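Handing you this structure, nothing more for now.
As written, the chain order gives the labels A, B, C, D and E, with residue 1 at the start of each chain.
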């Protein structure tokens, strides 16, 4: 370390989203303590929502600010804070926007559907989402292993608590304990890998590691391999990639449904952000330095994981009757798909494939949040989390069912939805990269997943349920569901503006390439 | 006169508009709903007929091409080498030619008839008609679109309505049939997508230079693909600097074979070719009659269309070197379908197996790669579409009255419902290929096409006609004559709304049988390009 | 001692170090023996009794006799006890207490190990004793012992937090954790010693320290009336003696630490008095602290358990945090 | 370098012992302890590298400080969750974590 | 450097002595003291009564809560010390930083207080 660099007051502008979230979280914690017991904690939910939205506004302003500050030589500026250990760049900003937006959706839809008897600590339930998102944001924009790790743990630890929020349900605490154990082991693996990386390159700063990689590849290649493979196994657990996915179904089932949605979208997205940051930085070094054996090996390992996730997730989902477990397994498969753009790595026509990844992540976020919102309502109404709870739903709530159908089609990757184009782009890249086996697996699992998602549709349209009265909806949930449905459709009908926007904002040599 | 009217888009999207209108109507008024739906199947029918009348085979369908850039999606910028960005471009490209025109006609006619025949739908009318019209949009789109991705999307659009139409309004085993349908066709479309993407990534490739720098464009436009295929020189002209390593973007021989086999699987499932046929039996037996009309009459032809459009036109060499294989598959289809049709106890299964058998004949036509054979394939498709639509229409009407389709429970209908029995007989005879009816022409042309190159195979295939006579006569005569169960005594013959499509379809069958050049003229120039290309490529 | 620090390590120096360790052990055992004696004497005097006066002149050999008695007493281990842990616990308690003594500077020229981590070394090692106490309570397989052990642990960890935090102020003022530096920083008149500027920290430190030592008024873990004798109820003979020894060694260590951290170590109260050797000043201050501890024991009543825990978290910890801020502000304002 | 090797070996052994504990132990608290062991193995690694690594620096020690904190927080949450669970089931045997997925 | 190593050599010497001393004394005690065990001597002591039940009683969950509180606060102090050492060199920014940090600690404390963690009941 050269001289100690600290934050300055002018840096606070670049950190405004993070600062907003922290302040709101703290204020809400205090508010929750001083608010009399009889006041409904939904107030805190609304404030949480406001905090998330405010932070999102700051992120948008930052994106614009970064764009404006660019010059012709350097199209976009990247702000390095605290000696490069925190980076404000568009890679981070885009993901932050997604995290904030998804969390806002989740919080909004859960207002009114989360019940006091189910989640006694409603105040905490809401405001703990803020530090979790903060952790995800830190993960997506840090340029230092330590910061990455702190972000990861901030997210993980708050998630453990959120999973256990159904205090009276032993299922919830069981899920949380399993999550703690697997999460802890995964953290240990990641950390162990990081320690080797630090050891052979002599720094925790990503940019310094990038510089040190070349030498390290010559002197201690074995340790580098050890490092990367340890990290891969750790991330595989965090992302619930097969064969490290067993925890996901248990945790998703036990957690309160909004938290499940949060885990499925934000936690997963954040892990991907970290994966991108670490692996892209280092693999480019390997790729460029004539010695691309290592990058090939690492990407191959990731590709195998992605394939395994797709296969195992889909096959598991086929036999699953519990909807949350089913969606967990579908999340496993989707994690495989989301990993695909990353594993394709670098090729003449493919620089980062971040665009494809991010597009699918957006689609994935909307369809999952929407599906979980519907599930919350249905399971709350029927007291049944199995797939048969959806039986005859068409007769009870035709419009909601139509919305759900759109979401399911998107999950299945049928046109014309966001999921379709997301998969199409990724698939195209896979084919272009000549990774046909992965493309084939992606396609086959997609087809098999039709059976999974259409089993919902079968229940909803073709079966008759036991209850005839209308489904009790809550206003925020309804709005949330329909926003998700419209977004899914919009992504399907107008993929171009979104892709163009991503392309415009994101520029991989500056935003991804930490050197 | 109507040059500026986007007639192809109108045909494609008129049913979609209809679906939206139906959606707005009150759900209890079954009459309104049905009339609207029929009206919106008639619109494309009228437009198609007009198109048919105005179509000049010598020019081809160029006049009616609609082409616009739909999406051009930036994938990457700041490439490692050379060009500054790559774009994935999808075109909105609709066109007709001699191959799609007959199938377009078939679609418009059969769909109107099916709409008329959907009187037997007893529940959830609104949803039924919405899905029905949505399905039609998909089918028209498939036959008209000339962009791979657009084609794929329309292809998929047919899947979802079909799933519901089978699953909600079908018979006892409907759910299983619907899922089966979805999975099999899903696998088909997956294979198709993979193959399409392979083509886009290699052939659909062009470099565009603009002020902002050079871009690489990956297009799914069929014409671009065809041009790049037939003129590899154009591809070779791209400099290494523009594309990175050139070898990465050439369609080499292995890739060709891969893409071709994938296409074969994709459309083979739809046709269906022998080992992939089980799903189709279930759909035939479980789906509601008007939907089976569409399915058997049109949807199976999407497979044929795809095989010709993508299999034959893009990969003639591959097709030619596999023509024996395909011909053998065709023969297996013919014999397998025909023999099994002979032993079925259920009338719908007889028809289903006969469909397999007939599609085998289509395969023979394709395998020939001769103009006659290909014409025969298309002709047979149209003819079989009409025939099976007619037969299933009658089956539906009969089922409504008798509540059975078991052969041994039916009998003596000629006495009870003479009109319907008569029409049934016409359909049956057409199906077994009686000269003077449409079935004969298609079969004849197909066999003729293949006979030149593969005599023995053709001869074995022709045996199928023998079996056809057996199963058609056995079943149809069994139904119309023989002892009549007492319960059939008070049966009413066809209502007007049922009789209308029956007569229309029967008339068309006869018309095509006696005046085949209506269609063959249309197709006159359709295959010229293909065959020329084939010859030059094989020669060169 | 100091000149050995810079010598190259050899068997000779190592031998010297070992010898000093033995010397310290002897001194400490001597201290403990007479601390117990004086404790009983002082308390006796304060309560108008005579205290030990039979064995030897003025009862000076009383503690020696006690030790001999413990050494000769039959040692029973309950049949239900976890034998291994039962034997381990007193040793585990004693070892860190002794190792702690290695780093205490008695005067400018008399210090054994000079560790930069300073006070943290004490905290780290004394934490192990907590474990030993729980282990002892658990291994006895006795309800009272277990409860005593748990209580003791709860109390010790609770008071460790304010104890640790109360020293932060001093570290801020000194800019070092090294005990030598802290003492050197306090050179000057006695009002420049840390106990005045850090009066809050001093108070918190003393209270927490007494509690850490499990001494009256915080000796709940061994409250005879409730828990018979706490975690060491099953111990007898010299195993018991080791627990006692540990406690008194900690008294010694805490007294030394208080002297060093707050009372200026070996510095004379007025610089003019520096002709008297530092070790004398150190000893005087040390004796004063030890005496205060006995004094408190003799005069204060025992707290209730809820008051005890409340005191640590609700009073001492906020005070300690407040102290940190006040110190920070003070440094900002005064410099 | 030999010094480094022995530290790394020790760390690897500790890590494996921890992992073994997580995978085989039946007592939930022991499982949590095993995770701590794994994290401490990492600390050992970091500190060894901070002294004997390519570019000796304090960073590794700072990293391990963060690790310690995080490990503590994780253990605290783990214990808290376990307590909540224990209230309902009165056991800490991981074999009885079987309510989900039925 | 020598000073650094020597310091720890001293600590090691203390450690070894600290271990040897109990072993020696306990060994000595064993040679000197009588050893006549019987069942009564070896029963668990419960004020003279026969022991009732097991000692593996369910004790109060409070102990765990205190343990958790301890873990949290004790580890936070790990950060306080480096800060305190460097405080004078870092100036006002460090103060602000620490106000935030300690403020969070205080909130944690208040939280626990409000949630009645510090309320001790029974045993």
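Rule of thumb we're sticking to: a residue touches a chain if its C-beta (ideal position, glycine included) is under 8 Å from a C-beta of that chain, and two chains touch if they have at least 3 such contacts.
Given the structure is predicted, the values throughout are model-derived calculations rather than measurements.
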Given chain C and chain E, the chains that contact each of them: none
Longest centre-to-centre distance from chain A, chain (CA-based): C
Highest C-beta pair count, chain pair: C-E
Per-chain Cα centre nearest the global Cα centre, belonging to chain: A
Chain whose Cα centroid lies at the greatest distance from that of chain B: C
Whole-Å gap separating chain B and chain D, where each centre is the average of the chain's CA atoms: 62
Rounded Å distance between chain A and chain C, as computed from the means of their C-alpha atoms: 52
Separation of chain B from chain E, taking each centre as the mean of its C-alpha atoms, in whole Å: 80
Chain A and chain E: spacing of chain centres that average the CA atoms, whole Å: 40
Residue numbers of chain A (touch at least two other chains): none
For chain D, residues contacting two or more additional chains: 73, 80
Sequence positions of chain E contacting 2 or more other chains: 67, 74
Pairwise chain contacts, counting only pairs that touch as defined: A-B, A-D, A-E, C-E, D-E
Interface residues, chain A side, partner chain E - complex: 6-7, 26, 29-30, 33
Complex interface listing, chain D residues touching chain A: 15, 18-19, 22, 28, 31-32, 35, 38-39, 41-42, 45-46, 48-49, 53-60, 62-63, 66-67, 70, 73-74, 77-78, 80-82, 84-85, 88-89, 97, 99-101
Residues on chain E engaged by chain D in the complex (per definition of touch): 58, 61, 64-65, 67-68, 71-72, 74-76, 78-79, 82
Chain C-facing residues of chain E, complex: 2-3, 5-11, 13-19, 21-23, 25-26, 28-30, 32-37, 39, 41-47, 51, 55, 57, 59, 62-63, 66-67, 69-70, 73-74, 77, 80-81, 84-89, 92, 95, 98-99, 102, 105-106, 109, 112-113, 118-121, 123
Of chain E, residues touching chain A in the complex: 90, 93, 103-104, 107, 110-111, 114
